[in-house]
Structures are given as structure tokens and as C-alpha cells.
Amino acid sequence: MIQWLVFLLFSTLAVVSGLGVVLLSNPIYVILALLSVLVSVAGIFFVAGAELVGALQLIIYAVAVTVFYVFVLTAVPWEKALKKDPFYRVEGLLSFPLVLLLYAEMLLVFLIGVSVSPKGQFREFVRQFGNTEVVGGILFSKYFLAFELVSLVLLIGMIGAVIIGRKEAQTYEGDTP
Amino acid sequence: MGYMALLLFFGVMLVIALVFVFVNSLLGPKTSDALQDYPYECGVPLYDKSAQSTFHQGYYLLGLLLLLFDIEAAFLFPWTVVYRYLGLFGFVEMFLFILILTYGLLYAWRKGALNWQYEEESL
Amino acid sequence: MVKKVFEKPLSWIERIFFLDFVRGLSITIRQAFRRTITTHYPYEKLTPPKRFRGFFGHKVVDGNEPQPAFEEWVERFKIQVEPGKSRCVVCMLCKRACPVPQLFEIEGEKLPDGRRRVSLFNMNMMLCTFCGFCVDACPVDCLFQSDIHETAGYTRKDSVLDLQTLERIGRDWQRRREEEPDRIWIDDYQRQRLWYENNPHLPEVKR
Amino acid sequence: MEGLIVWLIITLVKILVILGIVLGVGAYLTLVERKVAAHIQRRPGPMVVGWHGLLQPLADGIKLLTKEDLFPRYGNRFLYNLALVMALVPATLVFAVVPFGPEFKVFGVEVKPILTDVNVGLLLVFALGSMAVFAIALAGWASNSKYALIGSMRKAGIVVSYEVVITFAVMGPIILAGTLSTYEIVQKQIEQELWYIWLQPLAFVVYMFALLAETGRVPFDVQEAEAELVTGFTVEYGGMKFGLFPLVEWYIEVLSLSAIAVVLFLGGWSPINIPFLGFVDPLFFLGPLSPFVWFILKVSLLFLFVLWLHWTLPRYRIDQITETAWKVMLPLTFVNLVLTAVIAPVLWG
Amino acid sequence: MPWVKGEEFVDLKQRFEGLEIEEKPTLTTLQVPKAKLIDLLKTLKEEKGYKLFLDHSVVDFPDKRPRFQAFYTLYNVEEKKRVLVKTWTDGLLPSIEKLWFAGKWAERECYDMFGIQYEGHENLVRAFMWETYQHYPLRKDFPLEGYATEYLPSLNETLWGENLQGLMNYDRMHTQVPTLEDLEITERRRLQKKAQIVLNWGPLHPGTHGTMWFLFDLEGERVYQCDVILGQLHRGVEKLAENEMYNQFLVYTDRMDYLSALCSNQAWVVAVERLLGIEELVPEKAKYIRTMMAELQRINSHLLWLGAYALDLGALTIFLYAFKEREKLMDIIEGITGARLTISYTRVGGVRMDLPEGAVEVIRAFVKRFPKELKEWETILSRNRIWLRRNVGVGVISKEDVYFYGLTGPVARGSGVPYDLRKFEPYDAYGWVDFDVPVGESGDVYDRYLVRLEEMRQSLRIVEQCLHALEKMPKDAPFFAESPDPKKLKLPLDGIGLKVPEGEIYSSGENPRGELGFYIYSTGGVKPYRVKIRPGSMYNLCVYPKLMKDRVVADAVTILASLDPVVGEIDR
């Protein structure tokens, strides 16, 4: 009963702030709304009993990702943003099909996943050992190859970030009058 | 149930924080002085009226690195918990994982991504 | 003659074991357990040394005037000497020596018997630099600087010393400190806390 | 239903206790800090209000509460106030996962002196602890002062760097304990009869550095370096709003992070530990109160140590701070992680 | 004497037509026509070795044509010789900013105060006054009480002193004050924004050591360009000097470098004594007392610097420790002179009072205790890794920069130039005592820090030797000069009617903040015709914008504190 109420609270909050992310014009409010979405989703995870995912949601999304956005915030052209000039309109329109594609993919994965995944098999484990242990146990035995691949992906991400970031920084240095 | 307590605590703290926000406007005096709300900048006319303008910091890459390392940590936390049961295999797994990411760190280091704001050579 | 200054770089042992921090921390913690040295100002007050240059005063005629200078100047200006009143001979030397002469307002008045007396002696302390030139200039050891250092007031008028105030300060000074020897400080007790901070057995202070 | 009411009562009592710690003890720590600083500098510190200034925090509080509410011109009032909420709430929520002592029984009810003993307690600590960065970034941006902006950006840089360091630094103790729950980590240390500081000195040093950095204590107080930035991001805040930021940063966060340090490295509420010999409890006469006293003692010693550092050392420059984090601390934590992974099986036998 | 002999320049006479060499006991001057000025200065700098720029200013003769006499003071550090170059102009001079950067600031000051225009000066803006100010205050036709255009707001109110017309006569004081608009115009004139944010750093800022106004053009936290707006504390001391008697001006030297008042007093008194030619008449005891007090004051001043410097770098406790020792020094100075800050102790011809009873013992106690304290602070700071990282390699000044920017004092010595007037040109008792001149090597902030610490030790050595000499003297030895012929030369303690013959002199003393020089032009009589003060702090500060370029804001306090300026002396 209470769980249901809390779920309702968090999901409403998530939806409302999700709307805020799309509709608000001031970038700083957008980031706050995004933070609110992420925290509400983490709340939903906690309600559903997925503690590890919830905590990681908080650490990775609510802190790391949003802090990065806060950094990006300092590079926002504020004169434009506060005057509500629509900038990046074309890019926004272009991104729309991609977003649709993403949704389609997620739906696909969800549908396939539901049919493939073992049902109720882990519930007992989770109750017995705890969330983290079960995730760890599976991750480091069954999916260890994927785990190692993740490190490579992260490495590539890091290198890409450094290359793109430095390049931008240099052109930026040149741009300053 | 544990998280309900957290939620309850959150609600209580929210109320208290709101009290702190509004207590001064309730209890404090109200004076009017032409320059009392002038932003502090050492008592002289502001050169730029708004400080909310663009602020260059070269360290936003650190934000990106934080993200990457947090993801790494997200994978390592389950590992630390179950390491006891994994044995040598787990050690090798983790060692490789960290080795690869250390390479990434070294790469970022060499490229100067870990530097603060400005690179000496560009000056 | 010429001395090069330098410091050795930190050694690795110092770096790894934070010896530089440890040394600093050991000093501050030792200080923390020593006695405090401050003077708790409005409750405790230091007495300034005798040479302190504070508010001004007029010494009054009491028989201790510098002779024969006093007699000479009194005769020269034909001054009416009254015991218990200011020694001022209205020579205006203080005003001449002052870097800001506007702060003085001095007038003498003629008495019926032809002799003169100081009638107005105002000093505006708002303009004063407390340099002491006027005191050096005073030939009869009349104007002097007392140990009054708490000089704040609420109005500009408070900062003007008139003749009565000057004489009062002078009488007060002659009663309290005239006889004091010319020592560097007199109230050594309060300053002992600062000067002999670590020494529980204070050396005898000469009085 | 009855269970729910009992739970509610217990939870509310716990919340009240934590609130007392946060607001009461937090306020009195200002007096402690002033006294410690004063005596290190050969001054007596506050002496006028109450005996040896014991009522000084009260006087300060009343003064702060009755100050005028000022708001900087050209600023953003909503964010200006929101920053305050976002600073206070997450910082206090960290206390929810701090275990103050072992389980005990009152009126037949088992009570754990921890608000929520969750399986991912430590993760919550770091997630909530680093939320402060939003508050500071907002405070800097919303008050429309350049000093505040620079200060808040510095703080953001520091948190970004030391967040990684602190996450990796605590992995050593977690490996040894095999759990993320703060309560269980302490219990594991008691079971193994070993404080983890004996096995993790490197991690402890790194953790302490990260603690100082995240809370903005000297030598890392660059975000409010008074000689450079006046008071950094709080420069436009007045009254109680101004009072809350140092309270949160310098007292509540230091307290919560020291408590976590005690949990992770110093065996929580356990008495003095001699490695490989067991526990020695000079406070045995206190009976069931002894664990609580030990916990408070350890936290306050850590807090005093932080103060001692604060009033001795100069401060780093901001670039040196972040570069130290990435170039020294982070590799050190990696080394520590690998070493722990090697040592841990030996400990388990 | 430090002045160059005239015959050394005989070879220049062929090359520069109209060069007049004049050798007086007080100084040696070269006078050239305006057209040859730059060539002569260049020759002096590059061939004759006069590399260190000391001062430049103008003397105004409203009745003469051409009206202004400009002078340049140069120093040859290797041969320890000084020369003064003079020229006449009617309001236009060539700029020497290519030869010496310090000349740029001196020229700005002349433009501000006399309205002299400089050809080739790339940034000729006012030095102390705001941009919209109309007048040239140091010209002789500028009235002493100012133009009655505006009143100081605080003096307008008559509420609290209305009954005291004679004493509270504010009608005589007229001062124009800048409005906010004036300040904004000045601000924008001084710095054209090129990067992102222009930050006003000062005047009301704890890190600027007084009321200095810096403008930082920031790119992130990096300072892209920097400028200084001076004049927040400008009181026209040079103008006052023209209207005060020689002894009375002593009071204003207190208020210039208010942290080392005794040193300034001493420098002024020595300058006047040299102009009078009575340097030998001053009794030995007075010289020892002056030297000792000046050295105590130097320690005092360096202690304040150390405390403020440590405070700027976050080590708050050192500030209190330094002030503890400083309080003892203050006690000593207060007991001997009667004042703690504005001391006015020396007099032309001696000192105001003899040492009181017990002074020697107290100073001995201090000297005995002080090295231990110094050692403790060094233990906390000198080898602390944070301190090293904040200091080493920051704000590096090369030897060439020292000459180019006219740096003196510990700043010059930190860069390895052993320029110390106490050695090069001993005044008072400095010739009779033994001490070392500490010099640094790399010229960074850390070297300046070490140099100042070592200077405190050397000062203690001097104090000890002075004490030794003083103890040996009889108690009733004279502390004030006896005038040989009281009819010709009056030397009273209060200085009333101290008549000084016609002549000019440039004389300087080694202040804790660099060379404090006084150029006195006397046309005879009780008041000087023109006094130009060479403030060490101002020329030391002029290197600051260069050092700050491309440093972060956090280094601003480090570098500024290591230059250790005092605004009272910069603005005068």
C-alpha cells in the first residue's frame, strides 16, 4: 500500500519533471528538472527493490552526468538563453527521428528480454544474498567477457573524450579575441 | 522499509531547510538603501553588470572523466562484494579491468586532460 | 657581505611520511597548551608608558616649573601667574611649530593691572597628528601629552579640548604620573603575560 | 498495522536524535572550532557570553536569525533559495546510514542505532555527499557575483576530482568486509578483530585527503579562500542563509565523513584494537554505553584532527588540488586496490 | 659619496652638444637639451652601466620659460654611482618607456600632476586622479585648499560642530570627489575587455593589502591582462611638503609608509641633514639610536608582511604568531618614542628624546627571544610542501627585469641584485656595523620570502651591535646636534625656522619596501620649493601586471604579497 503510494509519488514526479526538461527554456532549470527526473527514477528503483541500480543511478546519473552538465552550463551563451532565443532548433528537429529509433530499440529489447529472461529464478537469491552480491555473482561468472569488454569501451570513451575535448579547447583558445 | 525512513527524513529536512530559508525575511529588519543589494565587487562600479555570463573552465573534461570512472566504480562495487567467492579468476578479471583503465588514465594524463584550466605551452 | 639564501628540497622520506606536516603540527599543538597572552581589552587595560603621546593637557602652576625659563617668559609676556591655573604664557610657539596650525585657537586677555592671561586655548583634536612638535616648542613645560588614548566621541564638538579640559587633564597627570621615572613602561604587570610567556617564574621587574 | 506504528515511532525518534546532532552539535562545533583555533593562536577565544563563551553559539544563532534578508541585484531568487535547500538536505541525509552503536533492546523492541541499515549504504553516502556540488554551483550562479561564481566553479572542480578518489579509496575496506552496508562493515571488523586501518593505511590517508577536499577544509579551502575570493560562493548570502553554508560544509559534512571514516577504518563502535591481539576496552565500566562513547570519541578525535590541520597548514592552489587528485591519489588508490585484493585472501585464510 | 665624478662624462661632451656637467657636494647633474635626452639616457644605460632607473619627475617654475625642469635619476649598480640627468621643457617630453618600464609609471604621474605630455607613450592615462578630473594639482598655480567646486560630503554636515566656527572651518577645505560615473569612465579607460569577465579586485578586498584597485581580465580563472588603478589613498603629500617646514614634513613621512614610519623618518631627516651639510655634526649616540630603531622598525614591518603573507596563503595561525612578536616590538617602540604607528621620532640633528631607562634591557630581551620564534615559523612554513608548491617558481623576476622595472629593496635582492643602500651608501651608523646582504637566486616568490626572513636576522645583528655601542656610551652623551653657529644655523628640536640654503639633493634610505628617495629642491628659506618622493612600493608594484599575466587568481595574492606594497607610500 505504502509502496504503491510512494511509487505513485515518484512516478508522477518523474513525469512532471520530464515534461519540465522538455518545456523549460532556461538551461539551468532544465538541468534541475533533469536532476529531479533522475532522482525520482532512483526512488522508483529503490521501491522496486533494485537497490544497487538505484544507488548507481544516483551516483552515475544524478551526480556524475549532471555535474558534467553543470560544467557545460558555464559555456552556455547566456544572453541568448535568457532572451529565449531558439538556438539549435534545426539540430533539435534532426534529433527527433533518432529519438524515435531509440525508443523502438528499447521496446524491442524489452519485449525480447521479457520472453527470454528467466522468470522468478533470482528472486530467491536476491532475498537470500542481497542485490549487490547477486549482480556481482552473475556479472563476474556468466558475463565476465562482457565485463572486460566494458573496460575497453570505457577506454575508448575516455580517449574519445580527451581527443574531442582537447581539440575543442584548443579551437576555443584560438577563438578568444 | 529502510528507504521509507530515508524518505521520511528527507521530508523533515526539507521542512527545516524551508524554515531556514524564510526565517530571515520574517524576523529580520527591513531597511531600504539604494546600494544595499549591489553585488559585492569591492565597492566600485561593476565592469560587467551580470556575472552569469560565460565562464571558461578548461576542466570540464574532468567532469567527463568523473563519469567514466564512476561507471568503472559501478562495475567494481559488485566485484568488491563478491570477490571472496571468485578467487584467482576474479582477481585476474579485476586486474585486467583496472589495467586497461589505468592506460586510459595515463593517456588522459599525457594529453594534458588532467591539467587545470590552462596548458603552459599555450600561453 | 652578500649572503645567498636557499632551502634544500624536500627529501623522499619527508614526503612519504609527511614529516613537514608533522613538524608544523607539533609546533601548533605545543602552542595550544601554553598560556594565552592576550589582554582582555575593555575589562583589562594596559597603562601606556610615560612617554605616550595621547590627548593634550596643560600643566598647572604648582611650583615645579622649569626655572629660570618660566620666570623669563612670564616677565617677557607680562603674564599673570595664578597657582592652580595653566602655565601658558600665550607665546604662540606651539601654533608655529604645528604642521596643522589651524587646530589651535589661542587668545590672551588683558587684565586691569596691565598683565595678561590666557583666556582661550582650544585644540581641535580632529586635525591633530599627535606628533608632539608643540610640546617640544613649549618653553615653559606647559603643554604636554598625557596617557589618555580612548578618545572617541559622539560629536565633533567632543574632539575640541578647551582650556578647562586641558587644565583638568594636566592636574590629573601631575597627580598621577608626574613623579614617575622615565622608564620604558611602568605597568609591567599586564605586559608580563606577553613578555615572559613561557616562563612560569617571572623575573623581578624593576619599578 | 501495529508494527507500522512502532516503526514510525522509532524512526521519528531516530530522526530527532540525528537532527539534534546536526543542528545542536553542529552549532556547538563552531564554538569548539573557535576555541581550538584561539588556543593554538594563544588567545582565549569567546569569553563573554556565558562561562568561557558557552552560550556563544546561541548568541550567534540569534544574531543570524534576526539579520536582514538581502538578495543581490540581478540575481535569481528561486535558485538563490533552492541552493540553500540543496546544500542542507543531502548533507544531513548522509547521517541516515551512520551506525552509532550496536543493536540494543528498549521495551522489548530491537533497535538498531542507525536510521536505515541498507545494503548499499556506502554508495548512498557518496551519492548524497557529492550532491553538495549542485548547491554550491547554484549558489555561485544565482547570486550574480563574480567572486561567488569563481568559488563555486572551483568547488565543482574539487568535488569532481575527489569523488572518484574517495570512491576508489573505500573499495579496500569493502573487499575486506565483503559488504556495502555500513553496519555490517563494523560488525565484520569486530568479528575479524581488526581495524581496517592496520591493513589499509594508504587508503586511510587518501580518504582523509578526500575528506578535507570535499568539505573544503584547509589545505583545500580554495572555494572560500578569504584572501582571494573574500568568502567565495557565500559572498552574497546573509543572515541564517550565510550561517548555514559553513554549518553544512565545515561541520555537518566533516562530521558525517569522519563518522564514515570511523566506520570504515577505525572499527566503528569497537574499542581500541591492537592488531592480531584483539580489543582492549579501557571504558568497560560504562557497560552497554561504552560502544556509543567509543564511537563519539573516535569521531570527535578525527574532527579535532581536522581542526588542528586547519589551523596549521597553508592552502593549496586549485590546480594543484585537482592535479594531485588525478595524478597522485587516483593511482595510489589503484595500487591499494590491487594490494588489498592480494592480501585479502590471506586474511580469510 | 655615491655621486659620480663629473670628469667621467667628459667624453660625452663631444657627442652631445649642449651637455652641461655640474658637480655639487650634494649631487652631480648632466643637463642636456630635450632633443638629445633619449640618446643620452640610452648611452648612459647601455655604455656607462647606469642600468637601474630610480626616479623621474618635474619641477615647476611658473615664471620661467621653458617652464618645467625634468630630472631622471639613474644608478650604476656595479660601480655604485648615481647620476641625475636634467632637461628643460615647456610641456612636451619624449617618453622613456622603451628604456625603462618604470619610466612609464613615472611619466603617467607627471602627466597627472603637471600635465606634461609624453611623445611615444602608448598608454598616457592619469596615475592617481580619475579620468574626468580637470586640474593638475602639483603645479604651483594650483591653490593649496583646492578649487571650491565641490565639498566632501562628510564635511558638508554642520550638525555636530556648528558652534565652533574658528576650529571647524571647513569652508577652507574644498575637495572634488569622483562620482560613480567618474569611476566607471576611469575603469573602462584603464582596461579594454579582451577576455570573458573583468573582475574588480579591490579596493575593498582583504587580499590587496590596503586600498588598491586591480582590474583582472579573466579567462576562466586565468588572468588575461591586468591593470592597477592607483590613487585611492592619494593625499598630495608632495604638495603638502611644499607648504610645510622641513621638520614639520616629518609628520607626513610617517603617513606614507605607515608600516615603517621610523625608516621613512630617518630617510627624510638624513636627506635634510645632507642638504644642510651637517651630517657630521649629528652625535654618534643619535646615529646609533636611529639605526637601531630603524632596524627594529624593519623587523616590525617584515613581521607584518610575514603575517599577512601567510594569511593570504591560508596559514592563519602564523599571522597571530607574527603579531605576537610584533606586539612586543610595538611595546618597545611605544615606550621609547611614545607612539606605535605614526612615530615622528627623529629630528633634523638627532632624535627627539634619549632612550628611556630600561629600554636597553627590554630590547636585549627581545633580541634574545626572537630568533627562536623565527625558527618556529620557519619550521611551520619554509619546508612545508604546500608552502613550497605555492611559492617556488611563482612570480619570477629576472635580473634584467629588476633594472627595467626599477625594482629595489628585498624584491631586487630576491632576484640576486645585492642593491642595498645601507651597504652602498651608508648613512647614520650603518657604516660602523657589520651585517650581510641576503640575496636570492631565481627571483621567485619563495626567494623573496627567504630574503625577508634573513633580513630580519641581519637586522637583529645590527640591533645587537647598536646596543653594544650604546651601552658603552656615557648616560649623558648628547643625542642632538649642537649648532656651531646658532646665528647662521638654528637647530631647535621643534624645527621652527630651520633655514636651509639654496640647493638640491637626491638622498635615499633603505626602507623595508625598497629605496625611499627624496629629491629636495630648495630655493632657500624654511620651506622646500619642491619635494619629489621616490616610493619604493610604487616602482615595485609596476612589475605586477607583467607578473600576473597568465597566472591564476590564486597567484594574485601570492605575488602581490611578495612585492609587499604599502598604499600610503604608492599614492602618497
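List of remarks:
In this document, chain identifiers A, B, C, D and E correspond to the written order of the chains, with residue numbering beginning at 1 in each.
Heads up, the rule we're going with is that a contact is a pair of C-beta atoms (placed from the backbone, for glycine too) under 8 Å apart; a residue touches a chain by one contact, two chains touch by 3 or more.
Being a predicted model, the structure only gives us computed values, none of them experimental.
Shared contact partners of chain C and chain D, listed by label: E.
Interface comparison, B-E versus D-E: the higher count of C-beta contacts falls to D-E.
In whole angstrom, the spacing between the mean C-alpha positions of chain A and chain C is 73. Centre-to-centre separation between chain A and chain E, using Cα means, comes to 62 Å.
Computed centre separation for the pair chain A/chain D is 28 angstrom, with centres defined by C-alpha atoms. In whole angstrom, the spacing between the mean C-alpha positions of chain A and chain B is 16. Counting partner chains per residue, chain D has residues 40-43, 76, 118, 123, 141, 146-147, 150, 153, 160, 163, 167, 179-180, 230, 311-313, 318-319 touching two or more of them. Along chain E, residues 196-197, 199, 205, 219, 221, 317, 321, 324, 380-381, 384, 552 each make contact with two or more other chains. Annotation for chain C: residues 21, 24, 27-28, 31, 37 touch two or more other chains.
Chain D makes touch with chain C in their complex at residues 36, 38-44, 47, 308-309, 311-313.
Contact residues of chain C toward chain D in the complex are 21, 24-25, 27-29, 31-38, 40, 197.
Contact residues on chain E toward chain D in their complex (touch as defined above): 197, 199, 205-207, 218, 221, 310-317, 320-321, 324, 380-381, 384, 386-387, 389-390, 552-557. Against chain D, the residues of chain A that register as touching in their complex are 28, 32, 35, 51-52, 54-56, 58-59, 62-64, 66-67, 70-71, 73-74, 130-132. For chain E in complex with chain B, the residues that touch the partner chain are 180, 183-184, 187-188, 191, 193, 196-205, 213, 215, 219-222, 550, 552.
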